[in-house]
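Let me begin by presenting the structure, written as structure tokens, before commenting on it.
For clarity, chains are labelled A, B, C, D, E and F in written order, and residue numbers in each chain start from 1.
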Amino acid sequence: MEFNNAQRAEVLINALPYIKKYNNKIVVIKYGGNAMVNEELKKSVMRDIVLLSLIGIKVIVVHGGGPEITEVLTKMKIKTEFKNGLRVTNRETAEIVQMVLSGKVNKDLVNLIGNSGGNAVGISGVDCGMIEAKMKDTELGYVGEIINIKTNLIRDLLEKNYIPVISTVGFDKNGNIYNINADTAAARIAGELGAESLVAMTDVIGILEDVNNPDTLITKVNVSYADRLIREGVISGGMIPKVECCIEAIRRGVKKVFIIDGKIPHAILMEMLTNEGIGTMFV
Amino acid sequence: MEFNNAQRAEVLINALPYIKKYNNKIVVIKYGGNAMVNEELKKSVMRDIVLLSLIGIKVIVVHGGGPEITEVLTKMKIKTEFKNGLRVTNRETAEIVQMVLSGKVNKDLVNLIGNSGGNAVGISGVDCGMIEAKMKDTELGYVGEIINIKTNLIRDLLEKNYIPVISTVGFDKNGNIYNINADTAAARIAGELGAESLVAMTDVIGILEDVNNPDTLITKVNVSYADRLIREGVISGGMIPKVECCIEAIRRGVKKVFIIDGKIPHAILMEMLTNEGIGTMFV
Amino acid sequence: MEFNNAQRAEVLINALPYIKKYNNKIVVIKYGGNAMVNEELKKSVMRDIVLLSLIGIKVIVVHGGGPEITEVLTKMKIKTEFKNGLRVTNRETAEIVQMVLSGKVNKDLVNLIGNSGGNAVGISGVDCGMIEAKMKDTELGYVGEIINIKTNLIRDLLEKNYIPVISTVGFDKNGNIYNINADTAAARIAGELGAESLVAMTDVIGILEDVNNPDTLITKVNVSYADRLIREGVISGGMIPKVECCIEAIRRGVKKVFIIDGKIPHAILMEMLTNEGIGTMFV
Amino acid sequence: MEFNNAQRAEVLINALPYIKKYNNKIVVIKYGGNAMVNEELKKSVMRDIVLLSLIGIKVIVVHGGGPEITEVLTKMKIKTEFKNGLRVTNRETAEIVQMVLSGKVNKDLVNLIGNSGGNAVGISGVDCGMIEAKMKDTELGYVGEIINIKTNLIRDLLEKNYIPVISTVGFDKNGNIYNINADTAAARIAGELGAESLVAMTDVIGILEDVNNPDTLITKVNVSYADRLIREGVISGGMIPKVECCIEAIRRGVKKVFIIDGKIPHAILMEMLTNEGIGTMFV
Amino acid sequence: MEFNNAQRAEVLINALPYIKKYNNKIVVIKYGGNAMVNEELKKSVMRDIVLLSLIGIKVIVVHGGGPEITEVLTKMKIKTEFKNGLRVTNRETAEIVQMVLSGKVNKDLVNLIGNSGGNAVGISGVDCGMIEAKMKDTELGYVGEIINIKTNLIRDLLEKNYIPVISTVGFDKNGNIYNINADTAAARIAGELGAESLVAMTDVIGILEDVNNPDTLITKVNVSYADRLIREGVISGGMIPKVECCIEAIRRGVKKVFIIDGKIPHAILMEMLTNEGIGTMFV
Amino acid sequence: MEFNNAQRAEVLINALPYIKKYNNKIVVIKYGGNAMVNEELKKSVMRDIVLLSLIGIKVIVVHGGGPEITEVLTKMKIKTEFKNGLRVTNRETAEIVQMVLSGKVNKDLVNLIGNSGGNAVGISGVDCGMIEAKMKDTELGYVGEIINIKTNLIRDLLEKNYIPVISTVGFDKNGNIYNINADTAAARIAGELGAESLVAMTDVIGILEDVNNPDTLITKVNVSYADRLIREGVISGGMIPKVECCIEAIRRGVKKVFIIDGKIPHAILMEMLTNEGIGTMFV
């Protein structure tokens, strides 16, 4: 279907209240892993982000990159073991994780944003000592637990109207580096900055009452209800840590948190700039 | 026809290059007179302007108000004479012109912008000595010719992200006030500010090769072609001074000038944020 | 009598402590209605205001304009009814009130300030959502009670060294406009801004113990004494609301409030820059 | 004679055009030597300067202090020799000159300004390397010729609204200090800063056609006429270097230079804030 | 040998003129490749850089990383071919180059600076569109020639006192990425910023008249002499492009360029903060 | 002994943690009286201060000048009487104290700093009303007790990277001036500014357990231990007021206070920039 210009204008003007609502507010977008299914989609998401930035929203992108890490490790013939869904990370692997996240995934996103006309700056948790971490569990090796977040660099970049794109690598004072879960880091960064919203782009459409039935999407939950959904097993498996990060973000003062399906084109615009969301909103 | 959210998002993202192009640029919108046909339309135009402001454009509204002036003069039983289409303006009339433009038309627009969530400040050419004028023709009385424009107040308001709404009343050093043609004032203000665009909202769809045939719209003219169209009589009557103002604006350095039909809903958004303009563009 | 230059210099130097006292302080001057008796006087008052501004005082002018409103209504053959001294204001009248206050009285003052070398910006309570109001009494119609004052525009103008000249029209979120009592608005604005002084220029010399004997001027009252004077009937009639506004301003934190006779030439300079006041001071 | 408040106000308002003219402009006042005849007068001059500062003029005081230097040298039993009116200055004398100018005359003026409510900062030409000098004539010793003026400190102080009070001691890169003629330094400083005016306060009423007849005061001269008056001997003796400094200041871009009699109370206010000057003006 | 504190203080004070000379100046340090011989040395160089930053120098680090690229390519079993000393770079290799430079070498340096107390921000030529490039030679593939440098991000980071650490990857508008020679990029960046100095840290002690005799070090050359040394074959092989970059930097306005041996501990401090340089200086 | 460049670099890099620690912190240095033993030493101390300033420390110098005062009084044949170690100061003496401190000692230090490349501004407690004082004891005359410190001028000078050099003369509102003890003033200024350190340069090596045995230096004391040492007589005579000032500074929030021997070359650098202090540190 094609739109004519009058229809286009109509749509634009209908976005006015949403644009107004987010004007000059900080929005953290968690993107990565399974939502980065192909190049076309990645380009499209980055273009959405440029739009958000241009219409006056202070956007921060926090990304993961599990599949890309696995791909490079495979090419380098390094075996990865997982424990409870977490990658066991020795020093060599940690370095490869950093290399892939900060040198490949991060710069790809930065470059795509640039090609759509945005001003992105790709940084990581080691830049300017942003994410200080420690070992969580010696069996997992350099999988980091965040012990401190310094947001001065992010604030300085936002002040100058750059879009910070952050790879979630942490450091400690002994010079070690850590693989940090991107959902956790995004929640913590959003909390520290008093963000208006955290948008977690995943590959599911949100929280489903019946995981096999997309019509059972829960469009809005509050923290205590989400807690209960976990206890009752409605939320299970890989969704549990994601939902816990959402809850954590709300607890740390983020106004609204969304889980949306990053595979849907312009999911983020639909969620933020139209009258009905498309995923699950935490309040 | 109703759009679904995916379609809405699609439209928004398609506006990206236009939003980018105008980001942080100054756009002067001449509005008034015959284009202000009803309250609904006026509201709609003001909402469009709030949208432009929110997405990062430095918008200035310059307005006229001939019909409103006539209406008040009539109510006050003051007769108006016109000479060559210009209102003969004695001192009493000049005061009523000022009263209507600055106290009625101006504040209505300001109020409508406020109700749509914008931050408008209504000023006139006497505020902070903005438009200095002199008599053009003693037979016409206080119809002013601009002799100087001071833009410091406009610049200060734009810097603080206000939308200046300007009624085109001028002053001289003897305390007289003048009725200033709004098209002329808009062109001069746009020129002084080095505006990216001047958009003249009128009640015609643009320059027509055959004034009776809307299919003969000339979508783009340069200055010399426009001059020729006037000389050849293609442009005639009340369109001549309007087109001359457009030419003047281009000559004073405004990058692009548009004549569009303000009666078409969202004409300004269509012109600025979609891939094809709807009126005549001067370059 | 003529002064020689030595005498002039002597007078100037004697103003030093007063100039110092008010340096960089905010002073709200309520002007209007009965104090605006003729053009010469108005010019003179505006010149006084330019002087105060140039010597470093942050001056704000808040004006009314009852007589001018009545004059225009009369010319338009619209009858006005008064209830308890307040003008019954239907929608049509409210629009005329706005038109006269913002388009005539306001711009006249702005123009006079400009002609004396000051930088005035005329705004109203609808500009940038400054005065939000609601109906006070349905019988009175659009006579507004202030429910919120936003001072950001005033502060921005003062920061850039402009003299804000404010007409006291209010708005509500449904697009209605209201006639707001200028004394009340001045008191509220002075309070919100933490003004050093509020100077109410009226057509009486101050509070008199015996209203028929100007020698009984009370030069200084505190809030509780003023309250008592009202209760005891010493203050009566139209003076009651004026005095109540003065009391309100003191209660909202304005340091000193003055009622002075605007008909005396340079009354404001005498009050502010010489060793003895000329009206009644509230503390 | 006593003035009443109405008269006082009248005088103040008459100063408006002069206050406006000097608003935010730089004025350098050379004060010292013979014009500092007694404590009362000094206090009065400093009070005048505080007034000028408070009404928005950027005042800089440059002072000399010959009589005070002589007094201290006498107390210390150090003999001074003069050659062509210039003090022969060996190293010991130069140190005493610096001590008296920067430690006594300068701080006295600073203290008097402070006591009248002004914010003065007393500095000398050695502070922040302001006045670099070299020997003019080996027979005169440490009498300095200015080779460079750095105005950054003065500008920083003016920006923060301090009144710089400058003693004219110079330095060289070998650690020597120099006695610098205060008229010369004031002219140079005024020139470097693009001052609006330089006011030289002396003990004569201006340039007289007949030095014995005060009625022959020349109220206004241009540079070429002043040159001629020197050549023709109308200006002679100690007035020559003073007039030459005035000419120099005009040549370096100062708009107006005044020689006035500092012994007349409020001479500076009379010159700057009233309709007729009292000394000689160079243009 | 141990120093006592008096000796240490003596050394510090002797550095004063050098510290003064570079205060607040921009210095670009090219580091990488063969100069990064071991972890200890890398740490030490980064500590030197933190010192320079802390004493008020605006330091920018530009790095290469040929050996690390080769190492990763080898691990991934990707063969590299060289043509005239330049790596033939297909799309896959270009991505690995980016990954290694921006994700490994860059972040290692950033982390080391952080561990020594500096505030480094690791960026690449794709961040904020810094280095726009095009193909130099289709046979070489994605080996980029710089067509434009945008320095706004670097300037913003320096303004906020961060140390920018730059990996020299370029981009084009079609989304391709390029391997950019770090010496060239450093010279261009230094030129664009009007740097005071460019310090190229290599693994040779400078330009030798006799390449086999370190005693024949040429401590200072100007551009024309350096040109001649190339023509005469004194400078040969891999030194030619390095020297050409140095010459280019001088031509683009960098005041002084140094080639120093990065393998010597604290070479950079010796060159910049002591009385005799240790390599070759271009002027 | 001569150092080679490698050794020099080694020393510089070892200062890194100390430079980092003091970066951008305020340090008040009390200098004067007995520590100013000769010109060479004074030059050397000022050079040390320039170094501290250049490496990013906000240095303030507070000086006394007892010996110089005595010298000038002697030359002027004015007798001085001391009561409990304090100079009896009549009005004439107070003026000479001011003249010597502000005009001689102060400007000498300023000039020396300038000759070493620093930007010093010499001010006194009368500048901008910095030190308000009152009489302490009528028998002592104009020996002042501080009643108020205004630090705005110091802060403004530090903000613009000047080194304030302060002579400790006080004033009262009656125009009197006072001799203020420099140790006391330095402690108060350091306290008001929340300084990181106060360094009191004296002519003793610190607090000794046995005043005759330099090997009994107490390198570190806290406030209560210092109090006890006074009570027990370990600290006695002229050291008591000095130590009390140190204690006072700590109580007013200065982090660390040092007493060091200003006669040792570079004592201040040794104390601040090396691993072991050389005097007594109060915490």
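Keep in mind that, in the parts below, a residue touches a chain if its C-beta (ideal position, glycine included) is under 8 Å from a C-beta of that chain, and two chains touch if they have at least 3 such contacts.
The structure displayed is predicted, hence computed values, not measured ones.
> Hopping along touching chains only, can you work out the least number of steps from chain D to chain E?
2
> Which neighbours does chain B have in common with chain D?
In this structure, the chains that contact chain D and also chain B are C.
> Calculate how many whole Å lie between the centre of chain A and the centre of chain D, each centre taken as the average of the chain's C-alpha atoms.
Result: the chain centres lie 67 Å from each other.
> Provide the C-alpha centroid distance between chain B and chain C, rounded to the nearest whole angstrom.
Here the centre of chain C sits 34 Å away from the centre of chain B.
> Hey, how far is the Cα centre of chain A from the one of chain C, in Å?
Here the centre of chain C sits 55 Å away from the centre of chain A.
> Out of chain F, which residues touch more than one other chain, so two or more?
Nothing qualifies.
> Work through the pairs of chains, note which ones touch, and then classify the graph as line, ring, star, complete or other.
Graph shape, chains as nodes and touching pairs as edges: a ring.
> Under a traversal of the ring that begins at chain E and continues to chain F, how are the chains ordered?
Once chain E is placed first and chain F next, the ring gives E, F, D, C, B, A.
> Under the definition above, what is the set of chain D residues touching chain F in their complex?
It is residues 72, 75-77, 95, 98-104, 106-107, 110-112, 114-115, 119-124, 126-129, 153, 156, 160, 162, 169, 171, 173, 175, 177 of chain D that touch chain F.
> Of all residues in chain D, which touch chain C in the complex?
Residue positions touching the partner: 1, 3, 5-17, 19-20, 23, 44, 47-48, 50-51, 54-56, 116-117, 264-266, 269-270, 273-276, 278.
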